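In the two complexes below, chain A is the common chain; its partner is chain B in one and chain C in the other.
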Partner chain A sequence: MIQFIEGPLWYLALTVFVVGVAWRIIALVTMKRPADLSEARSGSSGAGGAVKAIIQHSVPHGGNLGRTLYHFVTGYLFHVGLLVLILFAAPHVEFIQERLIGADIGWPKLPRWGFIIAAEAAFAGLILLYVHRLTDPVKKQLSDIDDHLGVWLTFIVMLTGCLALQEAHAGLRAFHLLTVEALMIYFPFSRLIHAFTFLLSRARTGATYGRRGFAP
Partner chain B sequence: MTVEPGTIAPDNRPVNVQAAVDKMDALLGGHIASYLDACVHCGQCAQACHFHEATQNPRHTPALKLLPMTRVYRRNKSPFSGLKKALGLAPEITEQELRDWEPLIFDTCTMCARCTVVCPMAIDIASVVAATRQAFVAAGLGPPDLLQAADNARDKGSPLGVTPEVLEDRVEWLADDNEIEIPLDKDKADVLLTVSSIEMMKYPDSVVAMAKLLNTAGVDWTLSSKGYEATNFGVLSGKSDVAKIMVERIAAAAEAVNAKTVVVPECGHAYGVLRWSGANLLGRELPFQVLHITEYLADLKRQGRLKFKPYTEQAVTYHDPCQISRRGGATADARYLLDGFASDFREMTPTGNFNWCCGGGGGVQAMARAADVRHEVFRIKMAQVEATGAPALVSACANCRLTMDESKAALKWDKELISIVEMLADNLDVPAES
Partner chain C sequence: MARLSLSALGRRIAPGWRTNDRRSVSSWPGAIVVLMALAVVLASAPAAHAQQTLPDPDQIKSQGMATPGGSVRPPANAVNLPDTSGSSVRRPGETGRPAPAMTVPGNAVGNESVTESLWDRVRHGQRGAVVVPGAEQGVLIQSAGEEWRLIRNDQVVHYGGMLLLAVLTAIVLFYLIRGRIKIEGGRSGLVIPRFTLAQRIAHWFAATLFVLLALSGLIILFGKSVLLPVLGPTGFAVVASASMQGHNLFGPLFLPAVLAILVLFIKGNAPRAVDVSWLFKAGGLFGSHASAGKYNAGQKLWFLMTIILGVAISVSGFVLLFPDFIAERSQAQLANLAHGIAAVIFIAVGIGHAYIGSLGMEGAFEAMSTGTVDTNWAKEHHDIWYAEHKGQAMADTGRAEVEAGAAGDGVMHGVRP
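Take a look at the complex of A and B:
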């Protein structure tokens, strides 16, 4: 079973993830609309607006910090914590080297205390965001099964990752990998795709309005 | 106070669900698809929406307005849509759902784009709503009074019944009554001035003020009975055929007089449509520049062709029409006009590109059934103005002005509403004739 999880199932999950994400992104990029024939405002451009929107929407702006502080703090706790774990947790670096890029390429690994801080940030952010989803009237109205599944899958992946940290038991490591594979297979079909599409969405609004002189 | 807007009377109009689906399918391009694939249902947009803030009703969350398009996208166009359909994860839209969504798409969205500012994904919900309105109209839905306004514009020339004959009569009356020249149908002119029927019928002083300013600056301008109506209820109602007709009329009139510039009067959406969508609706670049009246007057002031006596009567604040500022990019010119003119000018918080909407944009002003919720929304503007301590509110949009005038009366508010054009015309600094 462990061999299956670490072998064929891993490659299946990786293929579904890569092909699925690529398919969705390519589909979005190739769905065109007619060129904008309006004359851009002097000194303004779509490209500039796109870059500005990508940067600007990374933080609350327009006087909205107070209104969005909860999301801002919890969102960054979760996303930064998770990204640090994925890229710098020692077992992950070794796994990526072993399975994807070879031992010649490497980067610093998180010390144990670093892992704990990143994990605590990611857990705190995810749990606080989810509590808000369950209690806030606006989010309750918006949420569908995909929102809940995405959170639970991510939570389980993070939890099994912590259990496997000591690498004391091959079974725990395999269990973690199994949950990661489930997440990777689910990812292209779900709202988790926002990890990539946020760039497209911001850029398209920025490009549209940037040429008008102000990208909201 | 919680208000349920758009309470629709029992409605027996037949609904063609497939027509709505087909229209959304046709309009669903890369832009909209990117937005639908990026929304994470975080709900932050609710806090930026005046309809949600005024009512605290979660149903007025802007992200919910993406739902009709999302459903069509998921079932028909998204990658894996076939799989989702086969698994029963992408159900068909029903007639009842369309009816339930109608108030969200029409009555409680002014397409002001405040939600885009706060959205971490920068989703332009206003543009998705505009496209969705076209689908609802194709299905036979939409507020009857808004649709009638669009039909009036197509059949009579303007939503308020200003036919070319009525235009001629009103221009003659205004010119005589105010002893001012208002050129109509000149053969050639550098500038074609357009008007909004709201001004022509309800705020005619604004038309006189524009004429006074242009005449004083020595501008070679004209109105044209071939294309005069600046408002575009085709866009607001989702009737794309009417939208195109309205732009065609203005373009034809401008080309007939060889105008280099078309000036849009005090009307936010008229500016947004002609300046940023006009060429796209026509399918060709416009052979003239389009300027809002504040942009054009600011140019004349920069050139020294207009000078104003300081306005010292009272403190004033300025309401930014969303389609001119946030969605139009012309925020600075109104302030340039007020700078050094209004001696006690006070900005609202927030202001400029982040200002709150008046509540009547996007055609909501024309929907009688949305009046109650509009008035509730206006309380946000009232609070903003009162916080400045200014007794008067200046704006550059007749639609905002009408919306605010009606809410002011409904709520018995005591502040004064002023048109920036009228304010400037009343304070022209014209050298005495020797």
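Take a look at the complex of A and C:
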């Protein structure tokens, strides 16, 4: 079972993930849209609007700090914490080297204290974001099964990863990898794809409005 | 092996703790309170504690107290011989033949063995003189660890398990006998905003951590007794390792969650005269109506327990997580006991809280899920609060929920509704 999880299932999940994400991105970029026949406002450009939107939508702006502070803090806690864990946790770096890029290429690994801080931030952020989704009367109505499934899968992956932190039992490691593979297979077909498309969507929106002379 | 008591361990690992009333110290509530207080004190003044010297073991023995090392056998092959040869010690490797007479060095006289006296002092944690700095460097064997292990594995596991089973049994019996507490007047169709969004988020954040920590903590505490026979050594090792890692990781988040509860729920939780009559009527469980404001006396006690036990568990947990920052391992042993005892009590009461807030009482769960409650529920359980807020009652439950949410947003976003 462990051999299957670490062998064929891993390569299947990786294939689905890579092909699925590439397919979604290519489909998004090549999507046909009606041409904007209007003249651009003087001094405005689509490219400038795109850059402005990417930056502005990454920080509270336009007097919205009060209204968005909760999501700003918890959102960054979760996303930055998770990204750091994925890319810099020592077992992950070793796994990527072993399975994908070889031992010659590498980057610094997080010390244990760094791992703990990143994991605390990611867990706190995810739980706080999800609790808000469940209790806010508007967001609750907007959420569907995809939102809940995405959160739960992510949480379970993080949880199993932390439970295997001692790296003393092959079963725990395999269980973590199994949940990762489930997430990778689900990923391209869900809103989790925003991890790869959020810059594209912000840039597109910013370019459209930037050409008209303002940034939303 | 002698059974040890918390008070005995307290005297051993906290030498400054003295009392003439042994009953009050060995009683559980007293011991728990003292342990809670000590757990907090430990984190603030470890260095001062480390400077204290251990009591003379002979004096302790003469007082008839349990002593560290008293229940531990001497080192292998160190066997006392009949007092016929002048020596009382057989050296390792020596067999049957009588040991030759040995000159006793120092001032030892009569039947006293220097080796036995030395061993006695070592096993009683007598601190020797060393040049290496550090509170524990002069101690060869920290004998209190044996007592800590016995108390944790015998008393905490035994009585803690009994407490949890008793609570679960009581809840099942209560449900079977009393059933779900219904809203007597039925649902009115009108609701009142009760909890803000910020309060509900803080509650569920703390509750999520509570469940994760309770499950992993119970496995750590009771796993050896309950799971090991079922899962076997290999299976239990996996579960125990996973639980420990998860527990250590989620633990530090619990303190901010408890502090958020403190800040957001302290208003309305101050004691009032009406709480006394609520307690005398047992909250109306046996028929008579018990008046209450926004929070009844039971909820206020739960709030108080959450803060006190939550802080005690968190502080003792930090002591265990960062042992490099404490002066002596006896502090970790005390913190471990305080952590376990406080957690078991917290979990036991928490089970009751979870029951009455969901399955046990109609209309209670909505308060924390939607932030609103039915007016008849409010009238029956929090009549004083209802009288103050009945003007906010509305039939549009969706709007009431949004208003409760907006009030929560107001708390978080600086906007007052």
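Observations, loosely collected:
Here, the second predicted complex is superposed on the first by the 216 of 216 C-alpha atoms of A that agree within 3 Å, B and C clash if a C-alpha of one lies under 4 Å from a C-alpha of the other, contacts with A are read in each partner's own complex, and residues count from 1 in each chain.
Convention: contacts are C-beta pairs under 8 Å (C-beta built on N, C-alpha and C of every residue); 3 or more make two chains touch, one makes a residue touch a chain.
Here the structure is a predicted model, which is why all the values come from computation and not from measurement.
Per the definitions stated earlier, placing chain B and chain C onto a shared chain A by superposition produces no clash, and the two fit side by side. With both structures placed on the common chain, the touch criterion links A:Leu163 to chain C but leaves chain B unconnected.
When the shared chain is aligned, no partner comes close enough to touch A:Asp104: not chain B, not chain C. In the superposition on chain A, A:His61 makes contact with chain B only, while chain C stays out of contact range. Shared-chain residue A:Glu120: touches chain C; no touch with chain B.
In the overlay built on the shared chain, the residue A:Val138 is in contact with chain B and with chain C. Annotation for chain A, partner touching more residues between chain B and chain C: B. Closest C-alpha contact of chain B with chain C, superposed model: 5 Å.
On chain A, the surface patch touched by chain B in one complex and by chain C in the other comprises residues 67, 136-138. Those residues of chain C that touch chain A in the complex are listed here as 197, 200-201, 204-205, 208-209, 237-238, 241-246, 249-250, 252-253, 256, 369-371, 398, 401-402, 404-405, 409, 412-415. For chain A in complex with chain B, the residues that touch the partner chain are 20, 23-24, 27-34, 36-39, 41, 44, 53, 56-58, 60-64, 67-68, 71, 75, 133, 136-144, 147, 188-189, 191, 193-194, 197-198, 200-202, 204-206, 208-209, 212-216.
Residues 66-67, 69-70, 116, 119-120, 123-124, 127-128, 131-132, 134-138, 159, 162-166, 168-169, 171-172 of chain A touch chain C in their complex.
Across the interface of their complex, chain A is touched by residues 28-31, 33-35, 37-44, 46-48, 52, 58-59, 61, 63-64, 77-80, 83-84, 113, 116-124, 127, 275-280, 282-286, 289, 325-331, 349-350, 353-354 of chain B.
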